[in-house]
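Once you scroll down, you'll see the structures, which are given as structure tokens.
What follows is chain A paired twice: with chain B in the first complex and chain C in the second.
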Partner chain A sequence: MTTARKIGEPVLVVDNVSLSFGGVRALSNVSFDVRRYEIRAIIGPNGAGKSSMLNVINGVYHPQSGTVTHEGVTRRKVDPHEAAAHGIARTFQSLALFKGMSVLDNIMTGRNLRMRSNLLAQAIRVGPADREEIAHRAVVERIIDFLEIQHVRKTPVGRLPYGLQKRVDLARALAMEPALLLLDEPMAGMNLEEKQDMCRFILDVNEEFGTTIVLIEHDMSVVMDLSDRVVVLDYGRLIADGTPDEVRANPDVISAYLGAAQA
Partner chain B sequence: MAEEGLDTFPRLLLHHAKVRPDRPAIREKDLGIWQTFTWRDVADQVRAIACGLAAHGFRRGEHLAIVGNNRPQLYFAITAAQCLGGIPVPLYEDAVAAEMIFVLQNAEVRFALVEDQEQVDKLLEILPQCAALEHVYYDDPRGLRNYTQPQLASVEQLKALGREFDRAHSDFFEAEVAKGRAADTAAMHYTSGTTGLPKGVVLTHANLLETGKGAAEMEGLNETEEVLAYLPLAWIGQNIFSYTQWYACGFCVNCPESAATVATDMREIGPTYYFAPPRVLEALLTQVMIRMEDAGWVKRKMFHHFMDVARRVGGRILDGKAVPLGDRLLYALGDFLVYAPLRNTLGMSRVRVAYTAGEAIGPDLFSFYRALGINLKQLYGSTETSVFVCIQPNGQIKADTVGPPAPGVELKITEAGEIVVRSPGLFREYYKNPEATAEAKTNDGWFQTGDAGYFDADGHLKIIDRAKDVGKLADGTLFAPKYIENKLKFFPFIKETVAFGHQREMACAFINIDMEAVGNWAERRNLPYSGYQDLACKPEVIELVRECVEKVNADLAADPKLANSQIHRFVILHKELDADDEELTRTRKVRRRFIAEKYHVLIDALYGGKSECHVETPVRFEDGRAGTVKANLHIANAKVFPLVTRKAA
Partner chain C sequence: MSTKNLPVIILIVLLAIGMALPLLQKDTTPGFYVEVVLGGLMSGVLYSLVAMGFALIFKASGVFNFAQGAMVLFAALSIARIAEHMPLWAALAATVVIMAALAWVIERLVLRPLVNQEAIVLFMATLGVAFFLDGFGQTVWGSDIYKIDLGIAKEPVLILENVFQGGILVNRDDAVAAALAALLVVGLALFFQKTPTGRALRAVADDHQAAQSIGIPLIWVIVWAVAGVVAIVAGTVWGSKLGVQFSLQDVALKALPVVILGGLTSVPGAIVGGLIVGVGEKMAEVFLSPVLVKTFDLAGGGIENWFAYVLALVFLLVRPEGLFGERHIDRV
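And then the complex of A and B:
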């Protein structure tokens, strides 16, 4: 298969970021960048600081030192909803869906930021609110179609198997039409077939929507086929950064993974 | 337009576009909403595709391969090819690439129109072997953005090209349609073939339309029917029910959103005319049974009570026969409480005519649906006969026959017991295969079906089995494997089975459990399992299957002709039989010879009696012999019964 994606200029620059919780250093002096249209993986053994890194990027945590520059804007402190408003969406390792709500309604919540009409207008469904909802529903339906979850559209999320819930989580993030998508272990807890499906969806999202993707994974094999470039973290330090082949050959990475396996 | 006879599909298209331009012709559920094409839209789309194909050099008499699920654009393409005097060749969309090579080579396919990336990938994969293939059009562009192969174009691009061509040659389309003759080839369907290479069955416009119209008249089908198109396009039944009769009647065909949403889509549409091969009806019944087992005890009790009532009188009420008032009242109550809600859940509330065909249906399965008040009828036919050979007329339904010959069909039974047919729907030939044509079709136009059967006292045809499959046990009594298999498959726990016994002293069977039903059963018993194989080897599961087999044996014991065919030993296969492993045909029929060869070790174990197993099960044979038969990990014995008059419970 030919890929004609044109990887562009850096859209996100993480510069010298350090983060600690009390005495625990989660991240120390981590620097890397993410370029437009690329699939960028952050890998590392458990506890390496991967999720912390993601949380720094979308403003859940605020680093003690260092900066995150997104689309040329350097920020000291961002809140998650500001990050969202700037086109950064994310999925969660431990799913954060509304279990009792249908798949459709869950994904509709992803459109929340883009709703213009106020709560009251939405509640009584007057003119513009109704039209707006229909427009949003159309976007959501395209995502449902894209991720092939039509058959569970009306099913409460809590009744779905885990693999499908992950897909709904991704769908909700996509509903924001993000420019930058952060995926926190999208393949965790999946069987091989589900992993392959998810890989295909991630590639398709990247290709069809032109979304830049940062994903975290501790399963190395999955990431290597998927990503353009890989950052490797270990105990909060960046130990390697490069193409999958470069990273695979890096002795530090090998020892970090072997060490983790022995521990 | 001067009435010039509506004897080809393209003429019928123009006719519908003229007399009912605003009636819905085809719907597709897309983005959660049913999108409708009226007959005027269909004519417009077909015209654009036809002109686009012509612009790319599609010639009269040429084949257009169609690969994909039921999608409006694929239907339009079929008609577009016919408008140009071309021949659509639908392929099974789940066929692997290698299986497509033969058809593409055999039919010298230059043009293909496919659904999506999956099919495009397959065609590109076999491109080296199919050098003739010049143009591949796709309906769904997803994932194909970066494909640069020169053969590829989207259907939208094709239509744009066609519209341009149409503007430059505005008389072209009508002229091409006018050239069409009823005797021209309208479609070619490859038979799945349980043996050997597939054969291309050449069917003319007259074959399909006369047969389709005849059956539609018999059933009183009209333009208001709703049909759900969910079976493979390559199956002749799908052509007849959703394409030929679509044009014959001008009704509306509905394409489900995806294969996984068929049940929901069916409820939303509420088809009035429905067809399903037995395996689909079986799967539905299995789901109903599972859900009833999971229901509360009040509902469960109510269901079972009223299903007993329905089985007793439901079929008779549907046939308009005399039923005592008390039973009628009871049935009416049952209808209110159970049958009507169940029909609604199944999406069958509005069904006026439902057919099952493709293979024999278990009598219990068949009467289940009729008992619910659904007018399910059997029909008999094949690709070579444009489906309809026999149809059960309303009110004359029997579970074990397929009814009298359909309008215009002549039918005979040969000395050897084989059914032969002559009808307007009879195919012209097998494509480029005169030997096979001569073998199947006599000079005076009789087609040898290869099925064994006889007429009952009312002139209804009863099919026993494939003529070549009907055998004899070592003691000379009749052995009809399909009959036994169908009996077994009625149990929701059993998905597929292959019975052996020809020239053997006893009958044995391979069994595939139904993963969904048995899995659910195991979960309710807190029986952990990791997958199919693990589940299939559980002693509890073997016991469960044994009960099913023994019930079948008890049934068989009541039939003097078949009492000797009781299943003595069976084995639950470690894997599901699969078309991808060539064990089933694409229409999900077992290829018994192939299976017998592939698993001959298991057959030896079944008949060898002793295998290196640890399990010893004492067995009493009907002649009083007592013995122990050793079973391999999962080879098991079933009790057989002496020929009795009273049925064992």
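And then the complex of A and C:
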């Protein structure tokens, strides 16, 4: 299934990253890379440091040591909105949508970085500002069609069922037209049908938009079908890195992850 | 209608009955009654103007801005003093620039260094800003009583003479204030609902972290500038009515019960809350006070000063988040 895409050079390099909160070590000397156009999974049992890793990549946390290099730019301390400006988008494990706003407005906020007209022009809606809004709207409508959420466009997000909210979260991230998309447990809490839909969307995004994707999941079976390469974390340490088959056969993974799960 | 709204409904019904009771007194003419209600609504609009400033900033940044009253005073002072040298419209324009600059300075020097601090820390910081603005206003603009002349005739007009015996007296400047407030509300609603910046502001207000991760930086400075503009309108209206003096910032204290009643996070709540407080205290003063005097042999008077706070207290007991506020359900 991965033959159609040409996986390229590394676009994101995580080098020797360590992160701790007070005395608690969340990540210890973690290194891996993500190549262009690939779907890269980070898995591990609960508390392995997966979400911390994602938060480091998009600048929510600043690691005590180590570096993150994105598109050749190494940043020591970066804030989430700067990461966003560099083309890194993300979704959230516990949804962080703007609950009072409609689906459409939520997704439109994803276009914020690409808005050029100034405040005054927007307020009185003169020519260029109006044209800009319409152009952004067209992009957003395409994403809405793509994720099949046309029927709830005007609904306040807080009223949608969980599975649809997850889709809106993905849509908002896609509206940024990111080069790198971080998905924090996109399948968590979903039923089987919703999971299959989400898998299809992730593959389609990767294929049609050429977006590089990093996803976190603790449901191992989902990840194995979806990803090109897998990183396994346990207690903040990287214990395996390779193709799904390699990882599945790795004795450390079996004892730390599968073994623990089956015990 | 779910049962959790029941206490609120009962409270509102009680308020309505309380409002209707004076009509049963035989010496109350309908014309006088309407006049009192209108008078209450007009002063309510003025409370709403100040309360809106509170609600805007609280909604967007979770900061309770104690300095809103000082901002109103500062804006009024600046208009009054600048208008001594140039036409009123130019003074207004200059004041808009001044308030925007002020918003920027406050955001840079006070709020930004305190990002992610506890709410009480930010509140204390705004307390500091309030006292600074007080003193700084005196330093820059002087401490006499100044006036803002909107060019509106002072004498009241009689309206509806055909409907009510003797007609109803309405102050022109009150009517202008009400119209201004209505305009401001419509303008703010359009700004927040229809422009990309408004949308971004709503996003920041909803979830800071999510907004940052899609590339919206903390744009508090815009909210503070908007609150500054609201302060200008409030300052102009209050200033032209009462004269620009330091007691003007006390209207901010009157806005506290208004935001408690309406809900701290809601602009419509600020409007409705202001109207309820305005009408409520006026009616209490005019109709309740004589009853208290007669029944308990009290001196009477002064009800207008405390009624709003008691009303707010009752609302706090029944509905702590206010009429239009967001109910927060915290996971334990």
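Operating definition for what follows: the second predicted complex is superposed on the first by the 255 of 263 C-alpha atoms of A that agree within 3 Å, B and C clash if a C-alpha of one lies under 4 Å from a C-alpha of the other, contacts with A are read in each partner's own complex, and residues count from 1 in each chain.
Quick note on the criterion: a contact is a pair of C-beta atoms (placed from the backbone, for glycine too) under 8 Å apart; a residue touches a chain by one contact, two chains touch by 3 or more.
On a predicted model such as this, the values are computed, not experimentally measured, just so you know.
Aligning the shared chain A places chain B and chain C next to each other free of steric conflict. Once chain A of one complex is fitted onto chain A of the other, the partner contacts of A:Glu141 are limited to chain B, with no touch recorded for chain C. Residue contacts after overlaying the shared chain place A:His151 against chain B, while chain C stays out of touching range.
Judged by the touch definition given at the top, the superposed model places A:Thr109 against chain C, while chain B stays out of reach.
Contacts of A:Ala85 after superposition on the shared chain: chain C is touched, whereas chain B is not.
Contacts of A:Asp204 after superposition on the shared chain: chain B is touched, whereas chain C is not.
When chain A is checked against chain B and against chain C, the one touching more of its residues turns out to be C. Between the C-alpha centres of chain B and chain C, as viewed from that of chain A, the superposed structures give an angle of 90°, to the nearest 10.
Closest approach of chain B to chain C, taken over C-alpha atoms in the A-based superposition, is 7 Å. Annotation: chain A has no residue touching chain B in one complex and chain C in the other.
Against chain A, the residues of chain B that register as touching in their complex are 30-33, 142-143, 145-148, 257-258, 260-261, 264.
Residues 1-5, 137-138, 141-142, 144-146, 148, 150-151, 153-154, 204, 207-208 of chain A touch chain B in their complex. The residues of chain A lying in touch with chain C in their complex are 58, 60, 79-81, 83-85, 89-90, 92, 96-101, 105-106, 108-113, 115, 117, 119, 122-123, 125, 133, 172-173, 176.
Contact residues on chain C toward chain A in their complex (touch as defined above): 191, 194-197, 199-200, 202-203, 206-207, 209-217, 222.
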